[in-house]
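What follows is a short report on a single structure.
Order of writing sets the chain letters: A, B, C and D. Residues in each chain are counted from 1.
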Amino acid sequence: MFDNFPLWPEQASSVAASVDALYIFFLIVSIGMTALLYFILIFFAARYRRQPGIKATPNEGSLVLELSWSIAPMFVFVAMFLFGAVVFFQERTPPKDATEVYVVAKQWMWKLEHMEGQREINELHVPVGQNVKLIMTSQDVIHSFFVPAFRLKTDVLPGRYTIMWFRATKPGTYHLFCAEYCGTQHSGMIGSIVVMEPAQYQAWTNGGSTGPLSVEGEKLFSELGCATCHRQDAQGRGPALAGVFGRPVTLEDGRTVVADENYLRESIMDPQAKIVRGYKPVMPTFQGLVTDEQMGALVAYIKSLAPAKPADVLNKASLTAPDRAAAKGGQAR
Amino acid sequence: MSDQHEEHSSSLGFYVGIWITLMVCTGITVWAAFLDLHQFNAAVALIIATFKATLVVLFFMHLRGAGERLIKVWVIASIFFMLVLIALSMADFGTRLWS
Amino acid sequence: MSTPAAIVPAVEREDYLNKEYGVWSWLLTVDHKRIALLYLASVTFFFFIGGIFALLVRLELLTPAGDLMQADTYNKAFTMHGMVMVFFFLIPVVPAVLGNFLIPLMIGAKDLAFPRINLLSWYLYIFGGSLMVHCMLTGGVDTGWTFYTPFSTAFTNTKIIEAGLAAFMAGFSSILTGLNFIVTIHRMRAPGMTWSRLPLFVWAHYATSIIQILGTPVIAITILLVAAERLFHLGVFDPKLGGDPLLFQHLFWFYSHPAVYIMILPSMGVISELIACFSRKRIFGYNFVALSSIGIAVIGFIVWAHHMFVAGISLYAALIFSALTYLVGVPSAIKTFNWTATMYKGSIRYDAPMLYAFGFLGLFIVGGLTGLFLAALGIDVHVTDTYFVVAHFHYIMVGGTLMAYLGGIHFWWPKITGRLYPEGWARLAALIVFVGFNLTFFPQFILGYVGMPRRYYQYPPEFQVLNILSTAGATILGLGYLLPMIYLTWSMRYGKPAPDNPWHAAGLEWTVQSPPTTFNFPQEPVVTWEAYNYDEIDDVHPHEEAPVAR
Amino acid sequence: MFTRTRRPPLHDSAATAHHAAHDNPALLHHFAEESQQRNAASLGMWVFLAQEVMFFGGLFCAYLIYRLKYFGDFGAASQTLDIKLGATNTIVLIGSSLTVVFAVWAAKNGRRSMLLINLVLTLILGCAFLGIKAVEYRSKFVEHHVPDLGFHMDEPTHIPGHPDIPVNQRHAEMFFSLYFIMTGLHALHMIIGIGLFLWLLIMAWKGRYTPQYNTPVEIGGLYWHFVDLVWIYLFPLLYLIDRHP
């Protein structure tokens, strides 16, 4: 409408249309309901206004009416719930082929790291049409990653990862807000999402990369001495990590958990929390030794390790080359 | 209203009986804690505790003698909503690892 | 019941107001009516303080840049607005003022069951309120009224513990009020006042008391844990120390969602009284309206995590809580439909209390329906933590609770003070409040959907026009609230003396003199009639019959 | 239209008056008769206890979540608690519950000396409980098991049942955080209870309680039993976890 009087937000992601459809459905039901009730109220107020000599007609209520207006809304509610839940599933289920961005929030800025190694602050460049998965954590308090044009928002918590995904559908620059109150400069913790045509994006990627994130992770992996135990031949004191991401892991106490980003993070920060069956709890904690950015690199590296084929677990020697395509195949969330 | 309907002379002996039961239960719960019941240790401890609590509420606090349902409703309501708090919190904490 | 409007006698009668004079006769009173007036004065004071903070917030948002105040000042302003309004105004306002005054009168009792505990709860409230004011004057708090961890426990250096203690005290006061109501409603009813004859106002307060008693202790322990965490670094809510910040949110919302119903249920009770009286009819579907109050109270306890859909709870928990949330819409819908149906073939008058009731219905319908938007997972992800939520809960809290409170205050003002308020001014105020309210908060729905997050003190320029509309509305709304404060205060001294039953309303409270005597009833009443027996009462009216003048 | 009649019984206050209202100076002005006053007080205390259930319920919820999250570490930390002292305290509290029911019985039956003796016994047992608790707290201080005060737990070093898994100190500290909060709030309730019973003792000494009027003893007793109930749960939850070899 007017530049400074927007009535509807821009629609720039694949789920935005679904959310808008859902919203319009709710609007129609609500406006219909409001109009109906307002009409009845005004009609009654006018029709049955007090007039001399006319007394109110008593009535005691009606079970049929009561039951019908108790039960009828339930059907509408079930429809509303289901429609909302379907859209929510869509919002919360990242596609398997998504490219990944590690997000670290802190008071009061956003730090973003691409898989390819580009680092950005308060700005995220993404190509149009590409599925992007954000793996987010916070260094201090709770923040919330909110892009109105994408109709998406997810809280960013300290001490764990939360996941969000989108596919931008329209080139442009969109607001990125922190939506969870986080202190003094909460309203300054804003940035932008720059959605570019693939060709432009390619040009952008070519500058400013320090090498893929997984390579940095690999360097850390050997610097921190992880490789001495997590050997590739499964003969080490720790489990081999190739292909572990996205797979179910059987624990010492018999539980089975899926090795997602949060599992990897926890296993580095608090190794004793979940011991893999058949291994000794000998790993030291890396709490305080690994920053959130380094953690992102380590997780990216572990995810990049190709799964060993079941037949040649023991003799497959060269797994170091990042084979993201294969690793992505195992993503569960 | 409480326990005015009970015979007064016999209730003292009855109280002692309840007290002895409570003492025995305390003994049992300590003893059971040292048995290896696998994952059932906690369940056994909580069942015994609930049994003891029920005895105290019914007989020492005279809930059983309370002539009206109202107080029982309030007791049950408070326990119910405490369980709601725990159960629905667990609906989140218990399913975070599911994928 | 069918006695005509009593003629105000020439000699002054003894009542609860003129029985004793002096400060101590008020500060040490155990009369529920005087305690209600103490609450009336104190909640009005806190409403004023909260209102000033609201005005500051709206003024700052007039321009996109943060120019009127510092970011920290703004953060403290909205925090103080929220804390004062929630803990010291909305939660006590209807129960502690109208409930306190009316419940014994409505059920035919001399007083609440525990008059001294009633006074104690006012002192706890005042003690908590003084702490809050002290906290405000010496620096305030900047966490938002939700004081989410770990920001509140490990990062902010404002006075969390003091503010928490203030909320704790107010909560304790609220528990004791609820306890008093429960026992009073069970034990103090006059002969013949069966449950099915109770005014719906009393039913609503019973439901409210359930929440006050079973919900408030959870926030009390949560506040204690936050305080202990700040002092001793327990780690229960701090992820750096192995805790889970979401546990805080669960415990917090376990109380704070039902607390919304503590705020709205008593108001629904008021509305039931107003609509019945001014339609001159028994409320339609009495049993359903009564039981839906209890239904709201119970279901209100199982929906809390809908505040946390994007907070990192599991997908499954989100689905469960979304589904449960829709359940609470059913009893609210039942109430709305029954109120509407009550007006059918009624004999409707548009006196100021009824105008407020109309206002309540109009705003509550919008507030309730937008609640459905927020319960829908797909929409909630987009609009939670934006101005959409702000608009939604103001439609319920301010559009609902405050409208009903004002309607109730006008309706029972003759009973409380023995004076009539100026009707013309009151109708004007009702109109101004309704218009001002919508202008303030309706633009915020749009603002929220286009994406303006809440608790922002500066914002991108494209949001400015909507914010200007909202601030303009807030100014009108502020004026609308000042008006009743002025003319009601004026009427206490200069208003026409009120007859005992100016509205020719049903209900025990109208059978006693205005204002009532200290022990309410000259003799213990015996109730032989059903609630809202308007068909047995003549509907002459004070403003047309002017019984005072004759 | 107002007639003075006897109160017809309401369905939730089935009471018949035994004594005329003006007989009893303890009857407050706004109650019609004693049974109404007694029933109001007793319901009030029960509703208050419902409130207390939720208060401790929040704590139990927090405890349960962390117990499940840090299962082994909690088990290990629990080993440092002295089960003998814990069990003794359980016995002491259950014993005090017995003296309380005796006191209530004595008050209802007009046995003044029995009432006094049992109130005194209750107070002694209550103080004994707090004394033993103090001994436990002291040893926790000495062993540096108090969170945020140079916390370290030397023994046990490993998780019960898993001799190869070392204890996470931070998670053990969380156990003690919850231990101190839970037992501390329970002890606070005990102290309030002791204050209450001192007052009951004074009033009983003055001969205030008669078979007709003994509500304070009855509702004070309800409160005391509730505090006992909380301990009945705290004992197994804090002391008796993962004890088996």
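Assorted remarks:
Here is the rule we go by: contacts are C-beta pairs under 8 Å (C-beta built on N, C-alpha and C of every residue); 3 or more make two chains touch, one makes a residue touch a chain.
None of these values were measured; they are calculated from a predicted model.
The chains that touch chain C as well as chain D are A, B. For chain B, the chain whose average C-alpha position is most distant is A.
Chain A and chain B have CA centres that are 43 Å apart. For this pair, chain A with chain C, the centres built from the Cα atoms lie 37 Å apart. Averaged C-alpha coordinates give centres for chain B and chain D that are 14 Å from one another. In chain B, the residues touching two or more other chains are 70, 77-78, 81, 85, 89, 93. Residues of chain D found to touch two or more other chains are 12, 39, 43, 47, 50-51, 54, 57-58, 61, 65, 69-70, 168. For chain C, residues that reach two or more other chains under the stated contact definition are 186, 214, 218, 244, 246-247, 250, 254, 315. Chain contact summary for the complex, chain C toward chain B: residues 186, 210, 214, 218, 244, 246-247, 250, 254, 301-302, 304-305, 313-317, 320-321.
The touching residues of chain D, when paired with chain A in their complex, are 70, 72, 162, 164-166, 168. Residue ranges on chain B touching chain C, taken from their complex, read 70, 77-78, 81, 84-85, 88-89, 91-93, 95-96, 98.
Chain contact summary for the complex, chain D toward chain B: residues 12, 14-15, 35, 38-39, 42-43, 46-47, 49-51, 53-54, 57-58, 60-61, 64-65, 68-69, 83, 87, 90-91, 94-95, 97-98, 100-102, 105, 108-109, 218, 221-222, 225-226, 228-229, 232-233, 235-237, 240-245. Within the complex, the chain A residues that touch chain C are 2-9, 18-19, 22-23, 26, 29-30, 33-34, 37-38, 40-41, 44-45, 48-51, 54-62, 65-66, 69-70, 73-74, 77-78, 80-81, 83-92, 107, 140-142, 144, 146, 148-149, 151-155, 157-160, 162, 175, 177-188, 190.
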